[in-house]
Each structure stands twice: as structure tokens, then as C-alpha cells.
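Two complexes follow with subunit A in common, the first pairing it with subunit B and the second with subunit C.
Presenting the complex of A and B:
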């Protein structure tokens, strides 16, 4: 068989390593064979390529060294950063906060850990662990992962010396320029050079090729040049509306902290692509970010009409029902997730909690045992915390205390555990110790109101008793 | 004292402090002249034509308290010296309760020790009887409806008894036990046909008693103690010590409640032929540190009129006086008496509606309780049908979970991830962006009595990944309730996805506590995964 044909076939079968090997051999024989060269580039790119529409996480540096801030104190409901914590839409107030202080969402996704309106100091202080870590800059997040991949394949020096490439030359060759750009962008993650190539290429096709416009936008976006990215995406959108373009443009607006504009864009997108699940998901996320949970759930419900197996929608609606005092309905949603084959500690933990609050007591402990056996690291702390919660509900304070101490031994920054432990200790009459626990709870999680309340309560009681 | 006009008409000396007074028609003789009934101690004295007419003496207690009374009588009869008597009585009062003792015993126990001797000399020879004291009195027409008909007296006593006295036969016609000591009482109906009685007791509960019904129904428990109670056709109104004016229907459900401006002292209802559901309330308000009396006239919740009286009002009565059909007679706190007549043609018009109160602010908060879902109903059904199985299985699985928890806890104790005397608290935070990080930890001795010495802190970590600048920290003393802060720099040499550092607290050569600090990882996965629901944090109430 012709080795080139074989390589093409392997690429289609997604056996990239074998494809690359064959290409390397062919290139050794004839280093000027552009077809093989392009094929190898494609293979290398596809090896590491990820769907980067959703993979963006805004880094710490991007937020705090950002000069695009439009209004320092935006009006409530118009900014993701100042999304009012105290809005009384539904039972939002009772939803616990995630590590960064936002009300919990049903799923962890890039950006759901993003905190709202806090200072740099607070961000740096929040425990940045494997679960809640935020990259320092948005660039490093991707480059690190991709970097590890490239080390493996480049034992004998880099495949292409990007700095030596003549960008204008390659940009003119339409067959080569696009794979080359993808290679530089995804594999080498050299955004600056990729941008140079894209600029040259778009000049050559007289600013008419939509593909190049999107790539330019992507590069600008990654370099933090949000307004330039917006221009590129907008002009591409005029030429040919597509779902991907809408998503990317909306992402720029979200980065600029203009959720309302993003939302308007999506409503426009829904006219072109009615009932599109990805767009509706984004809309639901925006509302969740704005803390408007009823609207968010409304969109998630619409998503379920279209796609009954959308995990994010099921989980988010489940959480909403759980926290709006309908654990019985929440239970159904989590059961559905279990039926769909999901099998992890979080799901069993949630099932256990729903069972407990819906008074289906026979299932509670089985769920928690399973959750414990599946839990890894910090998850286990949360599971122990919830078991302690149930022990408190039963009235077994000794076990509750042990569970809380276990939770703290796994995650010494578990603020809610500190608070509950303080409550138990206080009920035993150890006031000093209880106060100390409340203090550490509020120091670890300044967004929790419970430790402050409890501390005040204990202080008041002590004072009151000493007067009488 | 009886006044006619503004001059003193007659004066009669009463044997005891009176607790209630009312006018009553005792017979059907013409012309209709009412008698005055005064409740004093255990007696009801009836005066006619300014002369004593007759007196009821309530029967002595028979049932219930005989045991304590006989013991008490024995004690008094033996009558050794004063000290012994007092001691025995004190024991008795602890055993049976102070309120069950006879009044001489109560008096003896309550007075100063030096006066006791004298008291015994004077009254020691008297026989000990447990007397009843009247707390409240009201009247009810006996045979027929209308004005100026023969009436019965209803009296309530300190010993939670209710007596109905018939002035025609001079006898007690009915005696009932009631659930408390009555403070206010109103009656409506005809005694021999049908009547009901609404009364409030000292603990603030309102009861309803009906003829021919053995059961005495508790209508409501008031939020605050009542000051006055009045009946208005098919509802009763109450003024309370929390300055509220409340209306209830006869089944005991609250109709409305309004907040009064000042402390109410007395309440009266206009008769329906003058004006329907119109209430008169006397209040004392403080204005610029001067207390003055105000009389409010309400129609339902509408405030019709306000009448200022310069002095604080103690009480007032409302009714016909001389030629005036409507008059207010005030008794002020400094002993004044004033009479105000209301014009016969007085029209109040309509006033402003007062904002009605909920029973309290907390109860006004609407709870967001979702509707019962079908699933909920199904689940409850299952719970009802298989309650035994569910409970048994839950208990069994909970035992299993307890064992699991204890095992894990024991494990953790052995690994010193939790401290055994629970006296040390360790919290740690990682600061910085990396690769140079700062580890800040707080160690606190939360045992109140124990001082720890020779404590050192060190770290367990992967030396290929991290280098710690100050890997051994010595803390000579750990004083209780003081937070020790220590910090060290950590250099991250390698980027790996997940790792942690163990902080170890040693006491001499023994590890007493260790904590795991999860280190920040630079790699963040873009995949979505599920987060935990954490249940709502309970608060101490």
C-alpha cells in the first residue's frame, strides 16, 4: 500500500501516532513533500486539539490587570461581578456558596468557580486546590496541558521552527496556511505567531474569508484584546451566522462583563437557530451568573424539552428543586442521572441528601456509603460534612462531631464544617472553643453569614447570662 | 362611698378591700331600684337603700384541698413556739404549694420574722379555715331578657371555682371548677335558658363556658396578658399589656388586632342600639414626659374620635347618667373623678382605618412553601405503607454508618489527622500565585486548662516537587486561646496536577496532629463535572 495513503487512512481512523510515524519516515526521504508535511501537521494538531469554545477560564491576572472595565460599580442585574447576593428571587438566599462565594451551581464548569466582585487579596486567599483552582492567566491554563503533549512527540527537536517561517510566503499558499495556523495555534500554542500568520492570510484573501476572521478573533480574544476580537467576530457574523460564532462573540461580551448584551445576542441567535441547545445552555448560564435562578431554570427546562439527556440541565434543575424545598422532585432528577449511567461520589451524595429531606429514610445511608467509597480527596470532606448534617438531624451529636472532625482532617479549610462543629461544641457548653471555631470559619469563608451570626449569638448569650 | 352629683351622698365602711362592685336587681318589686353588690374577700355584700341588705358567704372549700387543710389545722392546733410553726408551715407550703395554704398561714410566712410573734398572740386562737377569695364578679339576667330584670351574680375565686348566686333565694345555685384564676369575665344570655361566659385567666388564656356543657373550651392563648375584656354581640374584644387591641370571634379565632398609642387601661362597648361595634378605650400616653389620658372611640378598626383628659386615667365606665344617655365617668390616678357627657346627637362620621397588625412580625413573613407535588404524595404514601420496614432499615443502615464513622475516626486518630484530646486546632492557607507560595498556618490551643510545651511543626512533602524554606518550626509554649501564626515559603519546582503537603504537629517525639493542605494546581481541567450539594448550614437558635 502507498504509505501516504496509509497515513491518510490512519488519520481518518484517528490513530495519530502511527500516522505521524509514517509521515516522519516519508519526510526523511523527501523533506520537501508538502502533502506529507501538511498531513503530519494535521495529525499533530488533531492529537491535542480540544473544543476550545467552552474551555476558557478567565485567569486571575486577566481579571485584575484588566483595563476593559466599563463601570466600576455596575447597576444591579447588569454585571456578573456584582450579581447581587441578596436578591430575593426564589430561595436563592438559602443556596450555599461554593468555595469562591458564589451560590452553588448544579455542575462545575469553566467559569462557575469565578468569584464575583472580590478583591485580589481575597482571590489569592481562597484555597486554590485541584477543585477550585483558577489559572493565573488564561494562557497558562491551556499551554500547560498542550505543552505536555508536545514534549512526547518532539524527542528529536521541534517539527517546525516557527520563528524561521516566512509567514507571508505560507499565508499565500491556501492549502498550507490553514493547517499551519491550526498547528501553531493548537499544537505550539504560540498565539502571537499564529496571529501574524492570520493577519497575513486575511490580507491575501482581501478580508473576505470568514474562517480567517474567526481565527483572528480567537487570537485577539486569547491575547486579551477583547474589542478587536469583537470586531472580527461581528464582521464574520454579518457574513455568515453560525452557532460557533454566536458563542464566541458572547464569550467576548461576558469577558467584558456585559451579560445583558450577551443575552440579547443569544436571543438574536435563537431566531436564526431556533431551539438550539448550546445557545439555550449559555442563556441559562448567564442567568445563573446573574443570580436569577428562576429564569435560569426556565431555560434549562426548555433544554430538556429538546434534549432529554442533557446532564447539565438535569443537574441544575435538580439542585434548584432541592434548594427550593422540593427534595422529592430533586430526587427524581438525580435518579434520572443515575439511570443515564453516571456513577460518582457527588451524585450519590446528592441522592442521599434528597432521600433524607424527602423522608425516604431507607435509602439515605446506602447512598452515603456508596458516596464515601467513591469519593476522592476533597469530595470526601463534603460527604462527611453531609453525613454529619444527617447525624445532627437525627440528634446523634457524637457521631456528627466525629464526622465533622473527619471532614476537617481531609480538608482543613472546610469552613462550613468549622461552623457546625462550633455549634455542636457550643451545645456542650464549651463557649471558648465554639467561638474559636466560629472565628476560623469566618476567616476561611468571609462570604458565609452563619459563623458571624453564631458568633454574635454566643456572645450575646454569654453577656446575657453574666448580667443575670 | 356613694356620690350623688358632685357631693358625697353616703359612706359605708367595708370589712375588707373590695375586689368587684356591680349593680343588681334582686327582686321584681316596683319601683325598680337596683342594689349594689360588693365582693369583699369571701363575701358578697348587697346593699339596698344605702343599708346592708344581705350577704352571701361563699362555702368553705371542701373537696381537693382537705388534706392540706387538715394537716395545717393540726399544725396550728399543736402550736408550739413560733419558730417551729413557721418551719412546719414552710415545709407544708413546699409540699402543697403556697397558694393552697390558708390566708393566716400565708400572712404569717410572708411577714417579717419579728412581727410573727405578735401576730400569733393576736390571732393564734382563731380556727384555721381555708377561705376563698373572690377575684372577679359579673351578673347575668335570670329569667328573661330586657332591662331592669332580676339578675344572678357570677363570682370567680382565687381557688379556681365559679359560683352562681341567686339573689332571690339567697343561695348558691351552681358551683363549678374552672381551669384557672379568673381575671376578667363577661357573660351573656339568660341564666335558666341559655348563657355563656367568657373569661380570661391569669396565664393569659381565654376560656368559654356554656350552660349544659361540661367542657370548658379554651378559645385562645393571648400573646400578652389582658387588661380588659368586653363582649360585643358575636365577638369579644381585649386590650392587652402589649398595647394591642384585639378582636376575636366566639370560636376564638382572631379577627383583627391594632396597635394602640399608649398603654390601655379600660375598655367599654357601646350598646348596639346607639352604635354597632363601637369600642371606647382609655389609654395613658406619655407626651414630653407628661402622662396624659386619651379616650379613643373605635368603630371596628376605624378610629372615630379622640378625647384628651389631662390626667392619666385609672379606669372609666360608660353608660347612661342622669338625663344624659351616654356619659363617661373617669377615675384618674390621682383620685380625681370626672364626668363627661356625650351629646345625644353626636355624630362621629367615619375615621381613618388603622393598620391591622398580624399577631407578630415574625408571623407576617410569608414562607415560600412550594405546592405539594404528585411525587411527594406518592412518597408519603409509600412512607405510610412501609413505615416499619423503612424505619428498621434506616436504623440498621445508620448503625452501619456509625461503625464506619467510628472506624474512620479511629483510623484518623491513629494517623493523628485528628487530635485525640480535641484541644488543638490547626488551620492552614496557601497564599500567592506560585511557583513561590506562602503557607500560613494558625495553631490554637482551645483547651481552657491545659498548657502545652515543646510543640514543633514540620512538614511531609514530596521533595521533588516542593522545597520548603523553613521546614521545622518550634513553638515553645502554646497558651490556651491564643492563635499562633506561623508562615513559611514554599517553592514549587515542578508543575504537577495534584499534590498536597502534610503539616505535622509534634509534641516531644509524638505526632499529635496533622493536617493536609491541598496545593494549588496550575492545570485546570475544562471538563464539566458535578459538584456536591452541601446542605444548609444549621444555626443555633
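Presenting the complex of A and C:
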């Protein structure tokens, strides 16, 4: 068989390594064969390419050192940053907070990790576990995930010396420019050079090619040039509306902390693409970020009307029901997830909790056993914490204490465990010890109000008793 | 003096002129001002504990304005202009309506209705251009001006129930646009920094040299000049008579309110620093607006009609006028009685003779100028003369005061008008018998300088094949052309007009301002030809001629 045809075939079969090998051989024979060169580039790119629409994550530096957001202290309900101020204690839907300090969501996704700490200091203090690993900048966030690719294939030096490329030349060759851009963007993760290439290429096609507009926007966005990105996306959107473009443009607005603008954009998008699940998911996420949970659930419910197997929607509605005192309904959603084949510690943990609060005690322990057997590292701490919660519920403080200590042994930064442990210790009369637990809890998670309250309560009691 | 209805201070510096007030939630007024570090400060008195909030702009703010832009919403939109961008921002929703790159910069903003547009239009003035946007950011209106636009106002000047756009710019012009047609132009003496529109065809203006004035339709009602500069201009009905007063904030911290008809000061107050902005908004939830004044250091005071002290109102025009009259009469009597004692008066038939001529540079005045010669008709001397004319001198007034030994009965003054506009010169000459005399007779007179005073009329030079020229056809008698000439130019004793036997009319005009060649005008059988390379001058000559001859329409080629 012709080796080039074979390589093409292998690429289609997504057997990239073999495809690359063949291409390398071919290139050794004839290093000027552009077709093989492009094929190898595509294979290398496809090896590491991920759908980056949702992979965006805002780094700490971007949040605190860039001042692209217009309103510094926007009205609550109009900004993702001030969303937490919205939560009042009387709120029915008051949810516990995740490690990063945001109200708990049904699913973990990029962005749901985003800390809501108001100061840089507070964010840096947020425990850095696998759950809350936050990149320092968005550039390094990508490098973290994708940049490893450039090491993988560097057996005999890099495939393409990007710094020595003549961008204008390659930009002019339409067959080469796009694969080359993707290679630089995804494989080499060299945004700056990718941008150079894109600028040259878009000039050559007289600023008419929508593909280059999107790529330019992507580069600008990653470089933090939000206004330039907005311009590119808007111009592309005018040319031809697409779901991807709406999502990317909305990301820019979210980066600018204008959730309502993003929401208006999506409303507009729904006119072009009625009942589009991806767009409605984004809308639901925006409301969740704004802490407007009823609206968020409304959209998730609409999503389920369209796509009954949307895991994110099911999980989020489940959580909503659980925290609005309807554990039995929440249970049904989690059962649905189980039916769909999801099989992990978090799900069994949630099932266990729902069973407990729905008073189906026979299932509780079985669920938690499964959860423990499936749990890995930090998950286990959460599971033990929840088991401790059940133990407190049934009045067995000894087991509860054991479980909490186990949780802390796995994850020494589990702030809520510290708090609960403090309560148990206090009930045993060890006031000093309890106080130190409350202190470490509040030091680890300044957004929790419980340890402060408990500490105050204990202090008051001690004073009161000593005065009597 | 005055009593503010409220007074407080915010600890931020405010940039002068960049202050506005908006009802961002539809009901509560919020003072909005640009502060240092490319930030915008919003002060919302109704929000307890969180009264002050900031907006990041990231670029230096050149203009801000708040107004209703969205037709279906009563919430104000904040418009922020920077040297290259324009942002329409919905403060209440923390979302932007649109963000635009404006290469001409944004130097003035207003929002209002223009004829032919159903929705409110955001009008933005930049470098030589005016653009209008709707709330979606669509570019609907566009026109050009002569220079950087400094101020915009929407006024119904010609009472046709539709707003005209009044534009003040760096080239000293106030232009009035009807849609995108220029319908009138007024020339001022400095950059027109501020414009405020009033009801009933009036608008106020302020120049960067400290002049404040008021126009009604196309006529100036009054104007005053101060040595301080105007920092901001506003309008508010302070005395409750239903007519807005003109409120002026000065760079030295003074604030005064003037009657819009007469320019008479009815109210004043003093801040410790320059005034940054004057707005009117309801800051006490009283159901009506107060006048809010903010200084550059963040001092805020509010006034309304109760701030005016009562007795000041009672002393109305009449009393004050009579008092002034009495004062001047008393001083006059005093003067006469003193003069009788000291020196004999000047001869009764003394007259002041003035003569105005355009002239080339001479030994005394080494530049081309308009020579104003004053002389008396007898042996009396001219001790000094003050000349008051707009825009010719720095500070508007010029005093000629020769040393004692040079005092004579004649005085020559060189004027160099910088622009081609007709001017009134007010002359005051101090005449007496003797140099050491302490009492002088003051002669006051007003002379008009024609529009083209800086041009010398010379005989026509026949250029047979001109490089560039303008021709048009008029149906007028030659005499009318001569009249126009004597109206617009300084005519020497003998007019060098050449009228040939078959009624050809020829004249040459030499510009004195720059060293360019003579402009030749000839009129042969009703066809006027202006031969010049300076197209601007040709245009001005045609304009003036058309004005004088009352020609509405003229085909020019």
C-alpha cells in the first residue's frame, strides 16, 4: 500500500501514533513533501486537541490583576463576583459552600471551582487540593493540561521550529495555514505565534474568513485582550450565527463580569437556535453563578424536556431538591443518574444522604459502603464527613468523632469537618480543644459562618458560666 | 449669601467637567463623576452603607453623560467616552449596551431626540465629526464640523417643534445643524467649551477665555467676561419663576446664577476649590430636583429656591437700578464741582475724529495692520485711549497710553483682526488741555470694522489665463457691487475700481494677513469671476456678497 494513503487511513481511524511514525519516515525520505508535513501536523494536533469551549478557566492573576470588569462593586444579582453577598441566612435555598467558597453546585466543572474570595490574599489562602487547584494565569491553565504534548513528541527535537517559521509565507498558503495554526495553538500551545499567523492569514483573505475571525478571537481571549476578542466574535457572529460563537462571546462577557449581557446574548441566541441545550445549559450556569437557583433550575428543567439524559441538568436539579427539603425527589434524580450508568463515589454518597433524609434507612449504609469502596483520596474525606453527619443524626457521637477524624486524616484542610468535630468535642466538655477546632476551621474557610458562630457561642457560654 | 439645602464631602478628587447625574434604577438620582485613575465614581444617596461605588474604565475618561437611551426603559444609561472608545453601560444591570471603537475620540456627548428619528439618539462629538447612535449601537447619524467638537446641545432654535443640534468647537464657531445640514454659524472669540440648551429657543455658551453668554435664536442677549475660566455650565430654576437660570461654575470655586434674560447675578456662593460639575437631580427625595454642585475636591452642595435669601429677592430690579442711577449722578456732580475749581474745561467744539484704514507694514508697526487713527480737531491732547473689541486683543481690551513727552493730539493704533468677521470697536479717548491735568473729558464712540478689514483694495491686474478661479452669474447693477465693497472693506479715499466703458467692473484685493497674491474680481456683463488660489477666501467672499445682495441660491462653478 502507498504509505501516504496508509497514513491518511490511520488518521481517519484515529491511530495517531502509527500515522505519525509513517509520516516521520516519509519526511525523512523527502523532507519537502508538504502533504505529508500537513498530515503529520494534523495527527500531532488531533492527538492532543480537546474541545476548549468549556475548558476555559480564569486564573488568579487574571481576576485580581486585570481590571477589565467595569463595575468594582456591582449591585448584587448583576455580577458573578458579588453573588455571594446575595445569600442571606433566611434563604430557603441556602446551600453549603464548596471548598472554593461557592455555593455547592450539582456538578463540578471548570468555573464552578472559581473562588469568590474578594481579596487576592483570601484566594491564595484557599486550600490547594486537587479539587480546588487553581491556575495562576489562564495561560498556565492551558499549559497545565495541554502543554505536556510538546514534550511527548520531542524525541529528536521539535517537529516544527515555530520561531523560525515565516508566518506571512505560510499564511498565504490556504491549505497549510489552518492546520499549521491548529498545530501551533493546540500542540505547541504558543498563543502569541498562533495569533501572528492568524493576523497574517486574515489579512490575506481580506478579513472575510469566519474561521480566522474565530481563531483570532480565541487567541485574544486567551491573551486577556477581551475587547479585541469581543470585536472578532461579534464580527463573525454578524457574518454567520453559530452556537459556538455565542458561547465564546458570552465567555468574554463573563470574563468582563457582565452576566446579564451574556444572558441577553443567549436569549438572542435562542431565537436563532430554539431550545438549544448547550445554550440553555450556559444560561442555567449563569443563574447558578448569580446564586439565583430557582431560575437556574427552571432552565435545567427545560433542558431535561429536550434532552432527558443530560447529566448536568439531572444532577443540578437533584441537588436543588435535596437542599429545598425534598430529599425523596432528589433521590429519584440520583437514581436516574445511576440508571444511566454513572457509578462513582459522589453519586453513592449523594444517594446515601438522600436516603437518610428521606427516611429510607435500610439503604443508607449500603450506599455509603459503595461510596467508600469507590472513593479515591479527597473524595473519601467528603464521604467520611457525610457518614459522620449520619452518625450525628442517629445520635452516635463516638462513631461521628471517629469518622470526622478519619476525614481529617485524609484531608487535613476539610474545614467543615473541623467545625463538626469541634461541636462534638464541646459537647464532651473540652472547651479549649473545641475552640482550637473552630479556629482552624474558620482559618481554612473564612466564608463559613458556622465556626464563627460556634466560637462565639462557646466563648459566651464560658463567660456566662464563669460569672455565675 | 446663600444657604445650601445640603452639604457634604466625599474624599475623592473629581475631574472638572466630567460630572453627570443619572437615574440608573429609574427613580433615584445618582451623582456620577470621573475621578483620578481612570475610574468613575457613582454616589447613590439612597443606598445606605454602600453609597459610593466605582467603575473601571481603563482608559482616560474624556466625556460622560447619563440619559434615557433605551426607548422602552426609564432607566438611565451611562455613556462613557475615552480617546478611542465609546461605552454605553447599563449601570443597574451591570451590562453594556454596546462598546464601540471611535477613532475620532469622544469629546462631547448628549442624548436626545432629533427630527426624523423615532428613538432617542446618542450624539457623540469627536475630532471634526459628529456621530449619532441608537441604543443598539447602530450608527444612524453622521456629519462633519470644522474642528474638535467641545460641546453639544439640543435646542429648538427655529420653533419648528423639533430639536436642532448646536455644536461648539475649537475653531471658535457655534454651528447649528438641522438634521445633517448646517443652517447657521456664529463666530465667537475662543473655543466654545460649553453649551446649555434652554426652553424657548435660548441657549447659553461659555468660552475657554472666561466668557459666558446667552443666545436667543441667533441673537446674543448678553455676555460677560471674567478673568477666571469656566469649569462647567448648568441650568436650574433657582428663583422659582419658571424660567431656568444659567448657573456657572468657575475655576476659582465661585458659582453664580444669572438671569437668563439679562445676565444679572441673582445668586452666588464660593467653594474652597474649583467647581467640577453642576447638575440637577433629586437628592433628597423631595419630589423635585435640586441644584447639585460638586467641587474638584469632592465637596458637594445642594441648592434650591429656599437657598436664595429673601431680602435679595425684594431688592428687585427697579430699586437696584435707581440706586445705581443715584450713585452715578452723585459722582458726576462731584466731578463737575471739582473741575470747576481746578482746571478750565476743554473747548466746547472739541471733536474726536477717527479714521480707519488698512495699511501695509510701516516703521512704527512692523506688520500689516488696520490703522485706527484718533485725533482731535484742535489743540487739545489725547492722553490715552482704551479700545474694546472682541477677539482682537488678549483680554479684549487694549489701552494706549503714550509717555508724557509723546502725548499729542493724535493717536495711532494698529489692529490685527485674526478672522474675517465684522466687529464693533468701542473707543474711549481721554481728552484734556494739558498733559499734567487730572481731569479728562472722555469721548466714547463705536466704530464698526467691516468683515474684510484685513484686505487692501488695489487696482485690478489683468491676469489673462488664471490658474484657478470661481465664476458665477448675478443680476445686479454695478452700483450695488460698489456698495457691497464699501460695506465689507475699508475703502481708501479713492476707490481703485475700474469701470470700463462697457460696464466691466474690476477690482483687486490684497490680503494683508499672509503674503499671498492679489485676488482679482471682475464682473463682465453680470458674470463675476474671482481669480484666486485661496479657495477658502473665495468662498467667504461669495458668502458675503450673497448675503449682502440677498441671494438665496447661487450657482457657482
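We take it that the second predicted complex is superposed on the first by the 456 of 468 C-alpha atoms of A that agree within 3 Å, B and C clash if a C-alpha of one lies under 4 Å from a C-alpha of the other, contacts with A are read in each partner's own complex, and residues count from 1 in each chain.
As a working rule, a contact is a pair of C-beta atoms (placed from the backbone, for glycine too) under 8 Å apart; a residue touches a chain by one contact, two chains touch by 3 or more.
Because the structure is a prediction, the values reported are computed rather than measured.
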{"item": "First, second, both or neither for A:181, with subunit B first and subunit C second", "value": "neither"}
{"item": "Partner chain in contact with A:37 - subunit B first, subunit C second, else both or neither", "value": "neither"}
{"item": "Touched partner set for A:16, first subunit B, second subunit C, both or neither", "value": "neither"}
{"item": "Comparing the two partners subunit B and subunit C, which touches a greater set of residues in subunit A", "value": "B"}
{"item": "Which of subunit B and subunit C A:325 touches, first, second, both or neither", "value": "first"}
{"item": "Touching partner for A:227 - first (subunit B), second (subunit C), both, neither", "value": "second"}
{"item": "Set of subunit A residues, in rising order, touched by both subunit B and subunit C", "value": "none"}
{"item": "Complex interface listing, subunit A residues touching subunit C", "value": "67-75, 78-79, 227, 230-231, 253, 256-261, 264"}
{"item": "Contact footprint of subunit A on subunit C as seen in their complex", "value": "50, 53-58, 85, 87, 89-96, 99, 101"}
{"item": "Of subunit A, residues touching subunit B in the complex", "value": "50, 54-55, 57, 60, 90-91, 94, 96, 98, 104-110, 112, 124-125, 127-130, 133-136, 140-141, 144-145, 311-312, 315, 319, 322-326, 328-329, 331-332, 342, 344-347, 349-350, 353, 357-362, 364-366, 368-369, 372, 377-379, 382-383, 385-387, 389, 392, 394, 396, 399, 402-403, 405-406, 408-413, 416, 418-420, 423, 426-427, 430, 432-433, 436-437, 440, 443-444, 448, 450, 453-454, 457-458"}
{"item": "Complex interface listing, subunit B residues touching subunit A", "value": "368-370, 373, 375-376, 379-380, 382-383, 389-391, 393-394, 397-398, 400-402, 404-406, 408-409, 412, 417-418, 422, 425-434, 442, 444, 446, 448, 481, 495, 497-498, 515-524, 526, 528-540"}
